[in-house]
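Shared chain: chain A. Partners: chain B in the first complex, chain C in the second.
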Partner chain A sequence: MTVAHAPGSLVSPARRSRRGWWARTASDPRFAPWLYLAPMLLLLGVFTYWPFVHTFYLSLTEWNLNPDQPIEFAGIDNYDRLVGNTLFQAASYNTAIYIAASIPLKVLLPIPFAVFIWSLGRAGNLYRTIVFLPTLISFVVVSVVFLWLLNPLGGLIPSFFQQVFGWRIGNVLKDTSTAIWVILLLSTWKVIGFNILIYLAGLVSINRTYVEAMRMDGARDWTVFRRLIWPLLTPTTFFVLIYTVIFTIQQVFTPIDILTEGGPDSTTTNLFYMVYQYTFITFDVGLGAAGTVVLFLFLLAITLLKVRVLDRRVNYQQ
Partner chain B sequence: MIRRTAVAAAAILALTAGPAAAEDVTVTLYHYQTANAEAFRAILDEFEAENPDITVQDIFAPSREITAEVQAALAAQRPVDVATVIGKNIIFFLNNTPAGPINADREANAWLDRYLPNFLDLGRVGDDIFAVPHAYGTPLIYYNADLFREAGLDPADPPQTWDEVIAAAQTIQEETGVAGVAQLHASNKDYGTMLMVMNAGSEYLSADGREALFDSDEGIAALQMWQDMANAHGVMPIANDRQWSAAFQGGQLAMYITSSAALRSFHAAAEGNFELGVANYPLFGDRDRRVPNSGGALMLYSPPGERREAAVALLEFLSRQEISNRWSRESGYMPLTVDPLGDPAMAAYVDSFPLVLPAIEQMDETVPTATWAPYGALEAQTIVSNLIDALWADEGPAANLVPPAVAEINRILAEANPQ
Partner chain C sequence: MASVSFRGVNKRFGTVAAVRDFSLEIADGEFVVLVGPSGCGKTTSLRILAGLEPPSGGHILLGGEDITGVPSMDRNIAMVFQNYALYPHMTVRENVSFALQLRKLPKAEIDAATARAAAMLGLEDLMERKPRQLSGGQRQRVAVCRAIVRDPEAFLFDEPLSNLDAKLRAAARTEIRSLQQELGVTTVYVTHDQVEAMTMADRIVVMHDGEIQQVGRPLDVYARPANLFVATFIGNPSMNLVAPTADLGNGNAGAASAGAQSAAMLGLRPESLALLGDTDAPDLTLSGTLRQVEALGAETVLHVDFCGQTILARLPGTVTPVVGRPVRLGCRYEDLHRFDDAGRRLDG
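Up next is the complex of A and B:
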């Protein structure tokens, strides 16, 4: 029996050559980072970037998801149809309201709550649990419960106002001036605990000795907050701002679907809900894809604007 | 030793799993009967017992999601053999999915004649039938008989016309303080509107779905009446379907007009709380009743071959009068076959539970649900929904609000669906 191995080696030349290639590539500073990034890049490519590119392609076609039907190129017809229709106009306007209102309600309102809980030290754990609880409840359940609570026919909230204050508040979900605010308040109640938790994580990184030092210098609560806490909390605030703007129109999807279906008079629909309706209710895939692209550009523009305007005011160092 | 074991294992596989796999056929059925899933599964089990070589894999999804589920499965080329399609979407599905005619072999599929002809018409295009009736609902008046008595009305003589409905609602509100009446509104965005204008004598849509026609005198009069119910008469609290339904079940609404599919849940809610009454959909004066169906039909997607034969066998099984009637009894949907009371079990059921009688009486009065053209449907339905909101909010009389809304719908449909 002939042994072709080099003296002292237990590995065949072919195998050694393969291991040698891997070893060389893995240790090469030009390739090594890409090798480590490859799994994540692959996942991002397959599940994020390729679907986006494909969505853009679909926005230029006429198709209904039917594999037997040919996909017809439609150019910018879908964008033309989209811009010209009143549903899109209403959805865009409402999207702007959802985003604008979410900043004071979901970004700024949690800050005082978080600072209060942080100031309590360990005693704040109970409050933290209480404010976080709504985040754990399914949004479908929350929406159905509020549908009952707000029912003008015997619902707890209208009955309470009627019996305690003598006010008839009518049906706030069918009133064009109130419906969108009900959905906004509901989604705020649902996510505020989560945002408080994020702010608390940011507050934990602030060295309490700074606070004690300021107090010894005679600083009052407001001064401590304005001069110390607020500047050091700006990176967290910036993060909460970015993701709130991006996710707020997704967060309101469920209450829109269950409480109002976009009405009354299209005052509660938004671009996200409109895209869902086009794509999965009437299977106008091209129009739904065009709406998705517009929504993406809308969010991208807002995010870039925020980064440009706000990023320089963020304090990243203590 | 290893080789011998492998050969033995292969032989066992070949003798057992191999031949069985070649003969067994799986039929994939998409269905939205989540509330009645157990009853329907029992029927499918019975079919499997009768056809041991066929397995029915049932995939249930809520009614709001079933259309998207089926469409996504078809797009992903996952097996879909039979699918429940909301009645309103039958023609839309024909335009957008690869459904096949069920009566391609007319002699072999003579079982279709078991169904009432006007129910088959709901899924008929020319001579071909693309949808088998399955879970059709019809709108009925549900009423709280206790409130009728309290208001001095006779619950054994419920209102027959809209004028009587409004008068009864006013009496009940005055005497008991409980809200009078509501008719479902937003199911599929515009079902309630279609129902009302069609019964008032107007057409809702043209046959090809490209033109809205409810700006006729009759259509405007019907929508004016709906507005008056909310405002001038003040007998209809402005709410949505879910709120009305919850209120009726809680005894906070005297009359609610909705699908026969709600009968089971309303009956259960009323038990021990109030006496439930059921009456036919109200007439507009002396006009005939024309009730578009709600609910769903079964469409066939199997490719030719074993799976298609098995799927058709399943459809045939479901069409048998005793099975169809049993499904009707357990789900609350209308019976579907010719002369349903010819089945002694059904006749006995109606005797013991007469609340189903109005639904059976309306079987002959069922007409196809109007279907929108393939593109622009969402915008059109949204305009209808907004129109009803505007009417209820008293933004102007129907004569002022309806014609511009119809004109806008027709502009959108014409642009989105060029001839």
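Up next is the complex of A and C:
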């Protein structure tokens, strides 16, 4: 028996009638792309876009997290209050310090380490493992360990300086001039291994015959680095710069919370921790939400600035 | 310009000997080609001369001066790499002039030298392009340009034509050879392509398993291969090897047998063989069945089944025998190459 097919159809009518709504929709070119995108769109909608919209809404209200308390519309009052608030001013200033200090410490400092390990070839594998180890340790554990190490009463670090150099080191976490640097150094120690690995991945992509050709041209180590490795490493540096600046704000949340709780005198808090302080310590949800929106705009501005300004100066290998 | 000497150079990578007792004298202005199969140690020898690999033993002399311990940047040797190694973030002009910039020469001098070198290679219109904007042939020329601009004492070439297509490769061979003759710079050229070796070199150095097998002028090596390896490596199609016990026909049997019996292996170049008529009586005759014919236009290569092995014969392109028919191939006794048990050439 032969079955007549409709012109242009690959499926017999008998077979098509047996197919359900789901199969028909999945093969319909109008709906199929949306169907495939649906799981991701659902996740993004629920966990990213809806919270963002809701945060923006909360930033225009006054609420204290109490479910029995009605949410009152407050317009842009929260933004007004935020700008005049000393905690916000201190957090903004500290955020600028965290970012500015992160560039030499977390973006540039790993480069010489990575180049050194790269130059060792296979012998560098041991160093690679050693520098990456801190990345694997939980930041909570690291913070608690450093809390002990820095304890002015018998902590290993103050005792070491006392016994070896005769220096008396007080409580650096309670000192307004040192606390932020302790957190910065701690977070640098935590991420430097990861950044070194990223730089090593970038270095591996540089063809070693370029280095040999440059040596044959008469270049010494510093010239090879300055004229070859640095320009060819710029895509990696650019990537490390972007994510370090963005994530350094979030990353230091844990040591701030465990070591200083934003103090002393708000000298270690940043915009990210400030949002937590407003929302979950003083229960001023409107102010916390307004801070979140400001933080978002700040990070968006930095990202756009970097893309516009720095992307033009990046050398990508063919 | 300077002479180059390898004196008993060895190189080991762990337990593997990459180069063994490599000794070679290269005269000032000479074009020497190191040729051999992959892994024979030719590139390693070149890299040792460049200073990119330290030798495990022996000495390297440049212009009579021992440079064994001198780092590559201080050797004043220019090298063209297999992948050209053009700096991808620099323009052609920057690539070519880079070595001169490092010498801190005056800008006018750098510009003049760069322009002169670019003109020699016909690169004037490409100077502001990045390597990724160039074709393979243009990149190769830029790499050569970068080498000549420095006015080095020696040029090293590491298979610089292997990434080019056949037509471009033929043109580049001529170009490099002409340039070298014009500049008169001592040149060491590494290739696995025997056509490059034969057509470009003043002398070729055939290498195998890290050792020099034979050094000589291309035609001398071709005509009088020192051993079985050289005999089969040089020449395309490669030399036919026949056991002296094989039936070498009824031509001048006495002379043939006398020569053949003292050898462990006999060699016959495919072009030494001729297709015989019924009445021809050469010194040696190989009778067999024609299995395959490769008609290449200018020449025809016959695959003849002879005593259980395939014998290749290279004949003029006008000859087109029928596959499957019995054929008789003949050659002169003086075209026979004889080798002893160890594979060494037997003269006389």
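As a convention for this text, the second predicted complex is superposed on the first by the 271 of 318 C-alpha atoms of A that agree within 3 Å, B and C clash if a C-alpha of one lies under 4 Å from a C-alpha of the other, contacts with A are read in each partner's own complex, and residues count from 1 in each chain.
As a working rule, contacts are C-beta pairs under 8 Å (C-beta built on N, C-alpha and C of every residue); 3 or more make two chains touch, one makes a residue touch a chain.
Being a predicted model, the structure only gives us computed values, none of them experimental.
Asks: After aligning the two structures on chain A, examine chain B and chain C and state clash or fit.
Replies: Taken together on chain A, chain C would fit alongside chain B, as the superposition shows.
Asks: Looking at the overlay, what does A:R81 touch: chain B (first), chain C (second), both, or neither?
Replies: first
Asks: Taking the superposition as given, does A:P39 touch the first partner, chain B, the second, chain C, both, or neither?
Replies: neither
Asks: Considering only the touch criterion stated at the top, classify A:T223 as touching first (chain B), second (chain C), both, or neither.
Replies: Second partner only, chain C.
Asks: Looking at A:G166, would you say it contacts chain B, chain C, both, or neither? Reply first, second, both or neither.
Replies: The answer is neither, since A:G166 touches no partner chain.
Asks: Once the two structures are overlaid on A, work out the angle chain B-chain A-chain C from the Cα centres, in steps of 10 degrees.
Replies: Result: 150 degrees, to the nearest ten.
Asks: Give the label of whichever partner, chain B or chain C, reaches more residues of chain A.
Replies: If we count touched residues of chain A for both partners, the winner is B.
Asks: Tell me which partner A:P67 touches in the superposition: chain B (first), chain C (second), both or neither.
Replies: Only chain B is touched by A:P67; chain C is not.
Asks: Touching A:D265, do we find chain B (first), chain C (second), both, or neither?
Replies: After superposition on chain A, A:D265 lies in contact with chain B alone.
Asks: What does the superposition give for the shortest Cα distance from chain B to chain C, in Å?
Replies: Comparing every C-alpha of chain B with every C-alpha of chain C, the smallest gap is 53 Å.
Asks: Could you pull out which residues of chain A sit against chain B in one structure and against chain C in the other?
Replies: Chain A residues touching both partners: none found.
Asks: Using the touch rule from the top, collect the residues of chain B that touch chain A in their complex.
Replies: It is residues 67-68, 71-72, 74-75, 77, 92, 95-98, 179, 186, 189, 237-240, 242-244, 246-247, 250, 252-253, 374-375, 377-379, 382-383, 385-386, 389-390, 392-393, 408, 412, 415-416 of chain B that touch chain A.
Asks: What residues of chain A sit close enough to touch chain B in their complex?
Replies: 64-69, 81, 84-87, 147-148, 151-155, 170-171, 173-174, 176, 258, 260-266, 277-278, 280-284
Asks: Write out the stretch or stretches of chain C touching chain A in their complex.
Replies: 50-52, 71-74, 77-79, 81-83, 85-89, 98-99, 102-103, 130-132, 146, 150
Asks: Can you name the residues of chain A that touch chain C in the complex?
Replies: Chain A residues touching chain C: 207, 209-210, 212-220, 223, 227-228, 231-232, 315, 317-318.
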